[in-house]
Structures are given as structure tokens and as C-alpha cells.
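There are structures below to look over.
In what comes next, chain A is part of two complexes: it sits with chain B in the first one and with chain C in the second one.
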Partner chain A sequence: MSRTRELIAALRRDLGEADPAPPAIHVERVPDPPVRVFPSRRERSRLAGEASAHTTALVGIGRVGTRYATSVVLQFQAELAVAHAAVGQVLPDGWAEEQGLIGLSSQVRDHREFLLRPDLGRRLDEASVARLAEDDVPKGVDVQPILADGLSAVACMGSGVELLEAFSEACRARGLTVGAPLCARFARVWLQDPIGAAVGAKVAAILLGERPGLGTGDGLSAYLVFDPKPGNTDGDRNMMSNIHHRGTPPAEAAPRLADLAAAMIAQGRSGVDLDLSGVAGVESGLRPPQVRLPLVETGGDLS
Partner chain B sequence: MSRILEPLLPTLLSERRIPNASEGLLTSYGADPSRHVALGLVTCDQDDSLFVALDEATKHADVDVVFARSFWAGAGVASGPLSGEILGVLASSDPAEIDEGLRAVRRCLEHDACFYGADADGATAVFPHVITSLGRYLSAEAGLQPGEPMAYLVAPPIEGTVALDAALKAADVRAVKVFAPPTETNFAGAWLAGSLPDCEAAAMAYAEMVVEVARAPRG
Partner chain C sequence: MRLSARIRGEHFTFRSVKEVLGRANAPKSGDDLAGVSARSPVERVAARAVLADITLEQLRMRPVVPYEDDEITRMVEDTLDEAAYKAVAHLSVGQLREWLLETTTTGPMIRSISPGLTPEMVAAVVKLMSNLDLMVVGAKCQVVVRANNTLGLPGRFSSRVQPNHPTDSVQGILLSAREGLAYGCGDAVLGVNPATDTPESTAEILEALHALRTTNRIPTQHCVLSHVTVQMKALAELGCPMDLMFQSLAGSESGNRAFGISLALMDEAYALMRERGTGAGPNCMYFETGQGSELSSDAHEGADQVTMEARCYAFARRYAPFLVNTVVGFIGPEYLEDGPQISRAALEDHCMGKLLGLPMGCDACFTYHASMSQDELESLKVMLGAAGCAYLMSMPVGDDIMLNYQSTSYHDVPSVRMLLGKRPTPEFDAWLQETGIMDGDMPGPRFGDVGVLR
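Now for the complex of A and B:
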């Protein structure tokens, strides 16, 4: 490069290089480089959207790019917090008596032991056995309802009493004798066997908080067994789950449970042997689609 | 041509050697038969570029520029396809020196000396050349010492005249030779002497003013 050409190149820059400006050279539009564009709107199929309307579970929630939608994440965290709280909750001392129930307890002494020793949760302690032997506890009844904390004291304290009373009332309406309202602490499902055996009930029905999950920290389950006695297995029991106001409401669950108890007494058996044909509320087929009602309101749009 | 001050490169139209020239030819083309034996002849379509290139050859080989004349009216009305607008003749006692000189000429025309387009069409040409170090040929023509810098400025008459004024005002330079129009090729030119930075500043002011006049002829 000569000195003169260097100087001219610098002068051209000083003069604006292409001034007077020539017409712009036509250049084909260069396509945009491949960029991953993540949509801000939630993508999900119509089927998933419809399916998710039928459950409180976080299914069919779609995605935004590679992530969940923010509303879904918030809902997940809120419901997980409720589940954690429910697992950690203990039925307070004297709660049963405050509700006008007869308080019982398994052989478990504290919450940690309750979680670690399911076997102890299935046996009555001596004080409870003695309490059941007292005269104000009717014996030889048709149905012995038992409210219990189970794995969610929150559910027990929430709609437990409502379900217990509705269930007892429904049984009486079907001409069944109902035992004294009991409330067991640190109870597993099988605790219904020693209780039912102690009062000589034909059917023992334990209504207890179910294992908390997302969106179901306040759910109750009902387990019914005919001829309660230690040694019964899960095959001898019938159960109904998801009894809460966003699932099967207590008022709706009570008559169906009473029908179930009546069928057990009529057939003299329960569990897999029970003939459910003709039992009202069992054969009603598909329910109409539920509307998803979140346990915790986070303000997000989950639909 | 779409941009201003783009180089308009010269073309070396012919390049012939006469290793042992006749005495009559040597004499009539300004050579000295007692010192010169071989000749190198070149034609080019840019006379001023070749003047610079011939001077460049004297710095690289033991050659003398014995003849260099522009043709009337320039390359646009050349007398033949090889004529261009200038014939230059190098002379030496040794044909090998002629080869070396011609090599320097080619190198200079290719990489250094050239006109530049002063408007968008390239119709206006300007030669704002800075010779950083003069050879034996142009230094003698200009009355300067070999090795001195010089601004070699050429442009069409009106542009060149206005630009020469701008160049003389832009730096501490003096005009050692002014070629008022018409020259053989109907351009106007000037040789300015001074320090190298002054020569450079003057040449750039000259080029800029030529662009300015071409842009606004009735300014």
C-alpha cells in the first residue's frame, strides 16, 4: 500500500466515504439466524385442557417454552406447603372432647412415632380399651362410626365432624343403630378393628384424614368393614376417598357410605366379597365433569 | 464507479526492450550513445502515473529517463491501441538494469501511482500524489534534490486551479512548477515542495477541493 493510497483512504473516511451517496446496492434479505423463541403463552393440547378440568391433580398443565407456567408453579408450591403442614399437624389434646366426642388413642405416644410405627397406630392403648368398656358407650350396635386423625389432622379438624354427624344421621335414617361418636388419635385405618370388636359393632366405619398430596391436604377417607376384628385384611374393607368440599362433599358422601353399611349388614360381608350391584351411589356410573377447584387460591389461571 | 476517490488504476499498454539500440535512435530520443546502450520503452494510459513510475525506476536501477512525453489530448483520443497517453523511455548501459527498471515501473503502476475518481461517476479524475522520496528524474525536472518529498498534483483545469489554491493555503509548501492548462492532455497540474507532512496535507487539501468543485461546479 502506497503512502498516497493510505492518505486517500483516510480522506475518503473523512468525507463520508460514499458521498455523494450512491444508490444502495440491492441485497437479498438475509434470513434471521435460528433463534429459539419461547412463547409467552401457555401451550397445551385441547385434550389436556379438558382433562385437567376434571381433576385437582396438576395434570395436563401444558408448558411455556421448556417451563411450567408461572401460575402452575405458584399453585404447586402453595399446595405442597399445605401438604407439608398437614403431615406435620397433630390433633390437639382435648379436641375430641371439645367436639362432644369420646376421645381414644392408639399405642403411639408422639407424632414422630406415629409416622415411624404404623403397627402401633393400629392398636388401642389400655386407657382407650377401658374407656370403651364403660356404660355410656353402646355395645352391639349396627354401625360404629369413628373419626380419626390419620395422616391429616387438618382434614379431621376440617370436615371430620360434619361427615361424622351426616354419616350417623344417614345410618339412623336407614334404620340402623349407631354407636357413640368416637374420635381416635394417632390412628391408622386398621384401628377400626379393635374398636369395632370392643363395642361389638356389626360394621365399623373409620373416617380419617388421608395421606396429603398436592391439592388434597384436607381430604378424608372412609373405610368400612363388616365384623370388625383384629386379623381383617384390606380385602375385607370398602373405602371411599377424596371426601372434601372440592371432591365428594361430606353431605354427598354420607348417604352413600350409609348405603354401603346397610348393604354390608344385609349381605353379611364386606370388601371384595360384597356385591355392590344395587347399592345406591355406587352404580351411578360416570359423574358429570368436575370443575377444578384449587385447594389454595393463588390468583393464577390454571384453566 | 459508485464511490468517490476510488483508485482509477493505470494500465501498462506496452513494454518493449531494445538491448542494443542504434546510435541514431539513441541520439534522437535524448540518450547519450557514449553511456547508453539498452533502451526500455513503455506506454501507459495515465501519463502522470507513468512519470512517477519512471522516476521510481531511477531509485531501483541504474537507468536514466531519457524521454517521457504526453500525447495530445490524452488517452481518450489515442493514435493506436498501444499508445495511451504517454511514451516513456529508460536508457542504460546494461540491459539487465533496464529489466530491473521496468520491474519498478510495473510495481509502481500497480501499487502506488494512480488517478482517483473525484465524483460518483469517476468522470472527474484527480492525481493527488505524494512522492515521499524523489528519484533522479523528477528531482532534476523540479530542481529539487533526490530524496526530497514532493506533491505531484493534477486535475482538470477548473478543479485543478481552485484546488491548487487550497493546497497552497493548507500547508507550508511552495509551488516549484505549475502546469497551467492546457497541458498536452488538457489537465492542470503543479509540483509542490516542502516537508513530507506539508506535502501530504497539501495533496489531501487538493483532492478534497477537487471533490468539492466537482460536486458544486457553480458553488
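Now for the complex of A and C:
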């Protein structure tokens, strides 16, 4: 027998030849772990309570070993699911018409293409170009409002119509003429340029779903541009974000956006060159913290 | 030079090395968007076969952006270490891959030829490597750097605490930072992305992080990731403490113009930091990159996103940085569509950065409109740890409440460390032992307890 074989044999003797699984050890009744619950009003830790005054970051959530408690995992998964559901939702066929809006579409054909081809989401398809040329779409208006899905059709279908109507009304109250109510599917922000150019509007305003964050799929952003036309860049636009009932409610956002449109027309420009004095809440760059709500409630009885 | 290959009777020819580099890439939605990717899986392999036979010397002669047109290309060419280059110039890309993988090729050997490699060479070789190849080579390359602590040593795995806040509330930032430190995170940097890009706001956060660090005598660094010109004002005019200076980099002159920077500006920033920075080591810069950023500003110069990413690292190495990380999944699905693409890009970026001599970390992350699951992201963290990645990010449950994306968490970093038997930087490790946050390589009695911090 070779030296190696001898060593292997000796190793086997040392390891033993019986079943290598260790015998089960007696485990006493496992005590209930301390309650570590995603901070709710009733059961949050002192630290989490203090922290919630300053941040919506999930601090003070404790740990199990180096991992999260079960309730934290479920809250987190619920928040993630809400965000993913918002991204995955497509504006249903005919939804715009049911709301009394004129339906338009970018050149994107399906949801995956929408995510992968931002260039196509910025161009109108042929049918939409033809639809905008029809007589029931007023031309040469001061403001052309456009509701759109953007990255959250959920937000668009949530408070979109409310914002569109309140904004249009606020523009009229300021003596501005307002275009037909439009609703664009598979739309990126820059789609406001070909639409605004097609109707010859002074200002195009696109109100569209924001990229969802954790637990938030219902935020709308509004982007306004003076002299809409393909070739405008981000620097030519002004925007307002976080429009939803837990952020800036539509009723509050609408008059500010109408003020913004009026300022653009009065000054004959938009974007970085626009003087924003007298226009509140626009392009501050700061998004107020989202209110973080416990998303998971359980009920039922298995007994 | 031969630029054609035949597979099962099908003949493929390519017009240029740049075209071969694009077609040889692993599938990426951004390369599809740029129109530079392979048109079929078979063509991809044909391009790789062609690439495998191209020598490093031939690659040096054909940068993807011409010398005359681009200051990054000029800087790479003019500062290349000729002695190191001569040692490997004759190798083909296929041979370079084999040399890197040989067990007789050690980390210090790779480190020594690194200054002779151009970004095109490094990008080319990773196109011939599988994920596990990338991990094996990445783990071999150790890049050790020093500021207030020593990062990148064998068996070490570090993290940035990223306590961002949507309105820059200093109290909110400090609450999050303390929590991260209590979980043993933050040895790479306490680094905040500010919501407001002004010198005053930058200075306010820098002062607060500095106070947290000095009050608790924590051997780490602090940084506010505003635009470099804003940080220069905060440092030179407001005189606030700054251990690391940050900037996002692109791989082309036009891409850097879109970021509002240039080679001359970064030279100036680096000189200022060397003179006035408050860190205690020779390394004082922090850079972030990410595949697709050039294409997003139409500054990719017709090249693929892996090659453009490698060019960012060549830019970064000029400044001997303390930290460099790719923010791999941040840019969105039009550049990296899903979990496999994001994971692949993370391993590519880590390996390329290491080959070019950088202490590479990674922001393993996704936005909520990319197709990546939380489980895939957790797997990626372990793969990066196994690949010798220097550091990850960390924040409460991985949720950045300011930038709205999903990254790594205060709980993930100690979990990966325990799984892989890794520890934080030695100086920081000693602090964790002293405070009782850690006990050896296990969580200590004060683990997760913010009461340990003042």
C-alpha cells in the first residue's frame, strides 16, 4: 500500500466509521422572541420613535442575528411589491377615452420596449400625429396639458385625471387658453415636445407617473416647457415632483403649475433661464420625505 | 490583422477593432440601444474568437476614441508605463486571459504590469472571461490604499455608510450614520449624496460627519458627494474638514464635459486635496462610475459600454484614489436590463478596475423599473465578496430614501463578512472590538446598539 493510501486509511480511523451526523440534542421549549415589529404607532421602539421625526429611513428596526426580523422582511417585501406592481402596470386600452380624454401613443409597442427604448418613448406614432391634426383638437393654445403614464400607470390612473382637470381649470382662471385634454401611453417626458409642436401650443405640460420608490408607486411629476419642439433639452424644462395625496396634493399642485405656465408665457422662456420668483414649490430640487406607512395587516383565524 | 471568423460554416467579418469590441460583449441592453452589440449569439462568439487573436500592441494602436479627438485617450497614451507595457505587449488577448488565470501568476505580478495596460486591453480581456473567471482574477488582484485606515488588505471587506436624506436634514443623516456604525459598517467612508449641491450645504454635512467621527474616535473617512467644484469651494473658501474628495467620472472627453469636468479641472481638484485634505494617508480621492453613463449623454463615441467603463478607470488611476466604485444598477434597464446583466456588469467592472490598479468597490443595486429581484441582489453581494471586492454600500434596509433605489444594507455587510470569514479594515476592526460592536469575527454585545455612539 502506498504512503498516501496508508494516510487515508489512518484518517478514516481517526474520523470514525459510524454515521457522521451528530446526535440530536435536547432543545427546551423555545421562548417567544422579543417583539420586533416594523414601527407602528403602538409598538415602535423609543429610537425608532425619535428617528421618525427626522427621517423615513428604516432605522431602529433591530435584528435577528445579522438579519431582519420577520415583520421587517414582510414590510420590505410589501413596499418592493408595490413599487414593482406600479412599474409593471400598463395603461389599459380605452382607458383615456373612458375618462373623456383623447388617447395618444408614442412609437413604443409594448412595456418591455418602453423600458429599453427611451428614444421611441419620446416620439409620437403616426396615428397620434393624425389624431392631433383633426379639427376637434384646438391649435395655437396657450397651454397644452398632457396626462401620461410615464414610469407609473398606477399614478396616472390614480390622481392623474384630478390633476389634469385642476391644472386646466387653474390655467383658465388665469386667462390662459387650454388645449384638448390628451392622454399619452408609453410616454417619456420629452414626448411633450412633438405633441406641443403639433398643436402649436406656447407651453406644453406633461403630467406623468414618476419612477416608483420603495412603497411609493403613486407619485406624479409635472414637466413644463415653453415653445415645445423636438430638440429641447432638460435644461429647457421646469418640473415639480412628488404630486400625490401624501406629498403635494393635486389641488395644491395645480395652481402652482398654472403660475409656472403663466410665468413662462409672460417671460417668453422656460428652464434654467426662467425667473421663478413668485412661483412657489417648483424646481426646489428637494423632495420632502415620504410618509412611511405600515403596509402589512393580517387577520384570520386558523383554529 | 485578421478580422474574420467562421463558425459551423457561417462566415463573420468585422470592419474594425472597435466593432469587434462591441460585438464581443456579453449581452447588455445599452449596447443594443447604441447599436454596437452582436446581432446573434453566434456572431458574439465569432467576435470573441477574432478578439482572442488581437495583440495588446495592436489594441494600443487602436483606442476606441482617436488620440486627436479625446483628452482621455491622450492621457492614457502619454502616461503609459513603457517598461510594464513591454512585458505584455506581444500577448494576444486570449493569451492575456490565460496568463491572468494561471496560478503561477500572482497578484503582485499583475499589479506590476497594470500601469502598462490601456483600458481597451482590459475591456478586451474581460469579454473573453466568464463570471467565475472574472471572480478568480478579481480576487487575485489586491490593491491596498491608505487614508485614516488601510483598505483592500487580504481577508478584509469594507463598506460605505450612505446615510442620504431627501432634504439634507443633518439630524436625519446622523441617525442613519450612527445606526450603520453600530452594525460595523462605514470603514470605507461615511459618504452622503446631498440633495442640494451648494458649498454651504456640503460644508454643513461635512462638519457634522467630521464631528461624529472625531467625537467617537472612529478610524474612517468622511465625504460629501456634491459636484467637485462645489467641494473645492467648501474646502478652499469655507475651510471645512474633508477626508476624501468625490467626483463621478466618464470615459470620454465629451462624457466628462456632460459631467461638468475635465482633466485639467480634476488635476486642480487633486492638487487642492493633496494640499488641504484632512485624511491621514496618501490616497484622498473617491470616484464613481457606471456602464452606460457615456451613452446616456450621447458621449459613447460609438463604442460599447464595457470599453467606455474601462476608460473611466484609466482616468481614475491618474489620481491614486482611496475609493472607486461602479454604481452598477443605478442607471436603469435601458443600459442593464435585468439581474443577470447587472450581476455580470458588476463582476466585469470590479475585475477591470482591479486590473487597472484601483481599490474597486461596488454599489450593487437596482432601480425599481429594472428586472432584478431582491434575491438576485443578495446573491450578487456574496459573489462580489468572494471576488475580493474592496467594499459595498450600506444604508437602512438598502433603501436610499433620497435617490429612490435599492442597494445594500447595514444588515447585509456583517452577513456577507460572516459568510466569507472576512473582517473590516484593521484599524476600524480594532475600534469595533473596543466598543463591543464586534467580538472577534462575531457580533459583540453592543452589535446594532446605537447607544454605543455619542
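Following the convention adopted for this analysis, the second predicted complex is superposed on the first by the 204 of 303 C-alpha atoms of A that agree within 3 Å, B and C clash if a C-alpha of one lies under 4 Å from a C-alpha of the other, contacts with A are read in each partner's own complex, and residues count from 1 in each chain.
Basically, contacts are C-beta pairs under 8 Å (C-beta built on N, C-alpha and C of every residue); 3 or more make two chains touch, one makes a residue touch a chain.
The structure displayed is predicted, hence computed values, not measured ones.
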Touched partner set for A:26, first chain B, second chain C, both or neither: neither
First, second, both or neither for A:57, with chain B first and chain C second: second
Chain B versus chain C as contact partner of A:15, first or second or both or neither: first
Which of chain B and chain C A:151 touches, first, second, both or neither: second
Chain B versus chain C, judged by how many residues of chain A each one touches: C
First, second, both or neither for A:7, with chain B first and chain C second: first
Interface residues of chain A shared between complexes with chain B and chain C: none
Complex interface listing, chain A residues touching chain C: 47, 50-51, 54-63, 65-68, 72, 76-77, 79-80, 83-84, 86-87, 115-119, 151, 211-214, 285-290
Partner chain B, residues of chain A touching it in the complex: 1-5, 7-8, 10-12, 14-15, 17-20, 22-23
Touching residues (chain side chain C, partner chain A) in the complex: 29, 32-33, 163, 165-169, 171-173, 175-176, 179, 183, 195-197, 332-334, 337, 367-369, 374, 395-397, 399, 401-402, 404-406, 411, 414-415, 418, 443, 447-448, 450
Interface residues, chain B side, partner chain A - complex: 2-5, 7, 111-114, 116, 119-120, 128-130, 132, 200, 203-204, 207-208, 211, 215
